[in-house]
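In what follows, subunit A forms one complex with subunit B and a second complex with subunit C.
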Partner chain A sequence: MRAWGVVAALIGALALVAVWAPRAVAEGPIKVGFGMALTGGVAGNGKAALLAIQIWAEEVNKKGGLLGRKVELVYYDDQSKAATVPGIYTKLLDVDKVDLVVSGYGTNLIAPALPIVIERKLTFIGLFGLAVNEQFHYPHYFGIMPAGPSPKTDWSAGFFEIAGRQNPKPRTVALVGADAEYGQNALAGARENAKRHGLQVVYDKAYPPATVDFTPIVRAIQATNPDIVFVASYPPDSAGMLRAAHEVGLKPKLFGGGMVGLQYASLQTALGLMLEGVVNYDFWVPEPTLKFPGIEDFLKKYQERAKAAGVDPLGHYVPPWAYAYLQVLGQAVEATKSLDQQKIGEYIRTHEHDTLVGKIRFAPNGEWVKSRVLMVQFQNIENNSLKQFGEPGHRVVIYPDEWKSGTLIYPYAKAKR
Partner chain B sequence: MFSFHLLLNVIVAGILLGGFYAAVSLGITLAFGLLNVVNIAHPAFVILGSYAAFVVNSRFGLDPILAGLLFMPVFFLLGIGVYRIYYASFEKRAEESLRGLVFFFGIIFIIEVSLSLQYGVDYRSVHAAYVGDSFRLGPIELAFRLAIPCAMALVLTLALHLFLSRTFYGRAVKAVSQDHLALRLMGADPVRIKGLAFGIAIATASLAGALLIMIGPVEPSIGREYIGRVFAIAVLGGMGSIGGTLVAALILGVLESLTSTFYGPSWALAVSFGILLLVLAVRPSGLVGRAG
Partner chain C sequence: MRGRALLAVAVALVVLAVALTRLSANQYYYFAAYVIFQYVVLATAWNILGGYTGYVNFGSAGFFALGAYTAAILIKAFPVPFPVLLLAAGTVGGLLGLSLGYLTLRLRGVFFSIATLALAVVLQTLIVNWEYAGGSRGIYTMRPATVLFFDNYVEFLFVVMLILALGALATARWIEHSRLGRGLAAIRDNEEAAECMGVPTLRLKLVAATVSGALMGIAGAPFPYYVTYMEPASTFNLDYAVNSLAMPMIGGATTWVGPLLGAVLLGTAQQIATVTISSALNLLIVGVVLVAFVILAPDGIIGLVRRRRGGRHA
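This part shows the complex of A and B:
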């Protein structure tokens, strides 16, 4: 009889635990896990993205969190190395037991996480990955970069569209880019766009990532006398290419396109007047046509903390998107009132999301349903001051027409003073 | 596409690039070639030199080259300090081969992380009136951004050559690479001499760093991209030959430039390293190294 009493007491205790445990768990924070490049080659963007994510988490927590629970960020430095990514995401999921995961910065660091994400059937938003889902076709991957449903070609579509609108229409093009993931993808898209616009490709070469001097490449391009030059380069190469072009006197009718780094304040202030007339891709610039609700408040908060964090002082390039990809995830969690990955993924796929980078709707392949890769032209550059790049009128949106904020100065030589 | 004007300019661009390569490689030649110290952290010291030039240039507006020269004594002392630790911890115990390598790997990480924490991971550049401008010498166009580093590299090479061949300490550095014991019998302290030579090797990184940041923007981890190339130049030059380093650097620079322009930049490094293998197959001691 006494034994039955003990059993009954145990059952009672277990029942109490069963009743109280979910509530105890529910009151714990929602953990959002990710790897991020905090050291290594793309750490400049990774650290800036982290600051933006932290601002998002602080703001969400100030408003009471998600589903009434605080948000806790769990992150590790992926060192800008793809090899570290699978280990990081395994640890996040198995050891840290995070509730949600998002990607690190860039194609090379998103792709290695996808097999794990797919295996665990998670919803995954990628930060600045170019055509990452092209091989996987995973229905719950979403890319926050506005490259459009055909990212490779959409990336440079604006550059070639601008060229095609000129009279007389340019006839020849030189294509040059880094011999790496981004460069190869961007060049492949540029080749298709060149073909679509009937341009003859007179130079089409890739350069190795460790190239120090771009003068020989620029001279080779100059020797082919192209009407337009499309460049798909990484940040230090973009500076090297632009300096070499300036020194050699390369003046095609249109120059730029896919130069990564010209969106960073550090390179803008370093290159100053050399940027004048360059037409290059961008995702957000401080032009009147792109003043989405919340963006200015966010940038103000970011810029106040950027110096101490040692990151891009203006934060126009990656930070708004790093904030937005968590905004999308947070909105999906709130709307579905759940942490169920399938429900969250389904919601993101089928709804339009209001973010500080504008309204976002995803295509079936996880890319934006409509491209918003901007082509901006550097205009009215006076010197190397940082202030001008934080103001409108210096990176004028030329394409797409929907977001246009100024007129192209054509040809490039006319823009250069 | 081919023209004599283009060929001439491409060769000159290669010479300028080679001059810069020489400036970065001289420290490796001294440390690796003459002292047998596998200082794989040399490119990281070069980046430290770049940041020193950046700080002085951005805060006080000082010319980056002048900043590089001013910091040379500081880097010299830093080099002596690093060598003392290396000697006491590894060389003295004859454990320098693998553990010494790990030591220099550690130094790379310390430098990179320190720079990241102090200055962030953003790209840094210097401002000087001549960066971005070019001048003409007949049919040849020369960019100041590359011509000045090349000229400085030539001066540095000449200075090191004169130091090693005309001064007592210079000859002692050469002697220490050949016979420790004989040097000791002559009344010189090999450890002190090696420390001095390693200090000079690191001092060259100060100037090389200033030249690097003139050519392009830098971030803390960018030095890793140069490790292979600078060691290749030191080996091709003949391991320990200052003149050989310059010749090897110029050959690599010109080859890279010619391949980039006339064949395709993707092949530039492959051709350069192919030539390195070919030279080593024919002359294992390098271009200017002593045979046997």
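This part shows the complex of A and C:
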């Protein structure tokens, strides 16, 4: 008898849930939903991205919103944990009834949202995911990061291209990176590029992500005496690697390539002079060749609020792209005059988009049709001041030629002081 | 009679869950409930060794991840039906529990706990260096486009996890009321005395470790389909170990109801915290509640209730 009481109670509870379930509202603001890392490992980038997104929403609303409706952001902290992502996106779609979704920051947090997005045939733009769509081949996924149509190899293509142009041509290369998602993907691409340029790989090892002392690794690299050194490291390791290289006196002809973190103002000011001569990837730097309309205004707004938000003070790395991915989405909504996901996706796929990071056209796999991974060299670093990194002439674009803003100081030792 | 009533409730729950998937298209609740049920299984499994026997396992994340990776690798290798995944993950988890037991159950107290913690680290290192399992790059698992009887895969996973949770609870309840359970309780209270009284302590501990490991492995089996992309750092996350220990402690570690209560309360609180008060708070909630319970109510909620009733202690 008691059991049936419980059953009755459960059915009652179910009925209540049904009554309470929120209903869709036809008009009102256009809701844009996303999960973002506001705590955990990648929170630094996640919080900076959030600020950029908020600036976008404010600007759009000031101009009257999208399709005459205000834009409202609905977001949750994914804690930098993949396991929270499916829950967050279903909450956004089913409970909050958002009209549009975009991704959180980073490959690990984009991939778990994709099956939900694909199942519901939504348009989805990813923020800094490396080759996410390679597994899914979803036509309405787009990656805002300019890694190019074959992200893994395009990532380091510039670094090896620069090496290949020198005379005499470097003959040996050391490859080192973090034993984690990014490090392994970047190393795999670097291997292909090394082969393409006929470089002999004399060192090829991944270190565990928890490594703190890089001196033994750098010594081992030095023992192989490579002409160039390609490093695919995460932010704390990038600093550790560079410090160790200075301590040991590692002087290859070219050093850097895939070091994440050297784009952050916090690491730049911490490392200061040590950065001189390092050639590393970047997506946007304050060089005259990359002054796209809107970027300066945006950065000014961002920098004014960065301190209060506790995020990167310059915001050159993630924030412009976080602004741009919503810019693309917003432009598609306005152009198609609809919230129909198919139409929006089709528009994004077939048109060129004018954004504050430049003109973007997507390839069939959702990546940029042409890579714009820049190789920049740190030059004329004076001290540890923040100001210099906000100005041109300190991260000089060496590659691709289209955006070139200076000449390479080669070999590395010549620049290094 | 009580057992039959509980069975009726269990069957009713499953029927209700299936009915719910027919009624409501709101997937969020399935995802949220899935996580809570997953913790019911993990907490119950932990409790069989930790609560009944008194051997604290810090390696739950290792068992869970091993189950998840077993499933992911099988899915990658052959098109296996879902029940096979559960069976395989359970078998691997059980074998791991058994072998861990053989190696370490001679250790007592904190030494055993350290060994289990080390086990999780060893397993993670193994996966990181295993290219076929995705290594440190991670492994993708595509959900099947359709699934028999259900509208979509999430609903199916939700019902599967509910059944697993009920199965785990039934197993725990059965152990608790069997000779085995009494033997385990004797070990917990005083292992030497139990041995002297003729309780085959090592054998019982091995059974407990095997069952516990198998259940944790099973809890991990549907995970690849849930998250679709796994990489070692998040799959071996400390959260799983902390939660599966904290939940029984908070609910009450000496009965099967304790982990259920703990998992439902704490799991729900965490789910709500994730989408409301954003959530560095998440693990903090667990930590604070755990400390509070250890100090104020060492026997958990169940202990509190019993004390209120002024009756028997656990």
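By our rule, the second predicted complex is superposed on the first by the 390 of 417 C-alpha atoms of A that agree within 3 Å, B and C clash if a C-alpha of one lies under 4 Å from a C-alpha of the other, contacts with A are read in each partner's own complex, and residues count from 1 in each chain.
One rule holds in what follows: a contact is a pair of C-beta atoms (placed from the backbone, for glycine too) under 8 Å apart; a residue touches a chain by one contact, two chains touch by 3 or more.
Since the structure is predicted, the reported quantities are computational estimates derived from the model, not experimental observations.
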- Please work out whether A:Arg219 is in contact with subunit B alone, subunit C alone, both, or neither, and reply first, second, both or neither. first
- Classify the contacts of A:Thr211 with the two partner chains as first (subunit B alone), second (subunit C alone), both, or neither. first
- Query: Counting only touches as set out at the top, which of subunit B and subunit C does A:Glu119 meet: first, second, both, neither?
  - Reply: second
- Which of subunit B and subunit C A:Ile88 touches, first, second, both or neither: second
- Message: Output check: A:Lys47 vs subunit B and subunit C. Expected answer is one of first, second, both, neither. What do you get?
- Response: first
- Query: Thinking of the overlay built on chain A, is A:Gln135 touched by subunit B (first), by subunit C (second), by both, or by neither?
  - Reply: second
- Task: Have a look at where A:Glu181 lands relative to subunit B and subunit C in the superposition and call it first, second, both or neither.
- Result: second
- Message: Taking the stated contact definition, name every residue in subunit A that is touched by subunit B in one complex and by subunit C in the other, in rising order.
- Response: 38-39, 179, 206, 208-209
- Which subunit A residues qualify as touching subunit C in the complex? 2-4, 6-7, 10-11, 14, 17-18, 21, 38-39, 76-77, 79, 81-88, 90-91, 93-95, 108, 111-112, 114-116, 119, 135-136, 179-181, 183-185, 206, 208-209
- Note on the structure: Within the complex, subunit A is touched by subunit B residues 1, 3, 6, 9-10, 13-14, 16-17, 20-21, 112-113, 116-125, 127, 131-134, 141, 143, 145-146, 215-222, 225-226, 229, 256-258, 260-262, 264-266, 268-269
- In the complex, subunit A residues that touch subunit B: 38-41, 43-44, 46-47, 80, 179, 205-213, 215-217, 219-220, 223-224, 235-236, 239-240, 243-244, 246-249, 261, 264, 266-267, 269-270, 274, 309-312, 384
- Note on the structure: Touching subunit A in the complex, subunit C uses residues 5-6, 8-9, 12-13, 16, 19-20, 23-32, 35, 128, 135-138, 140, 142-143, 152, 154, 226-231, 233-234, 237, 239, 271, 274-275, 278-280, 282
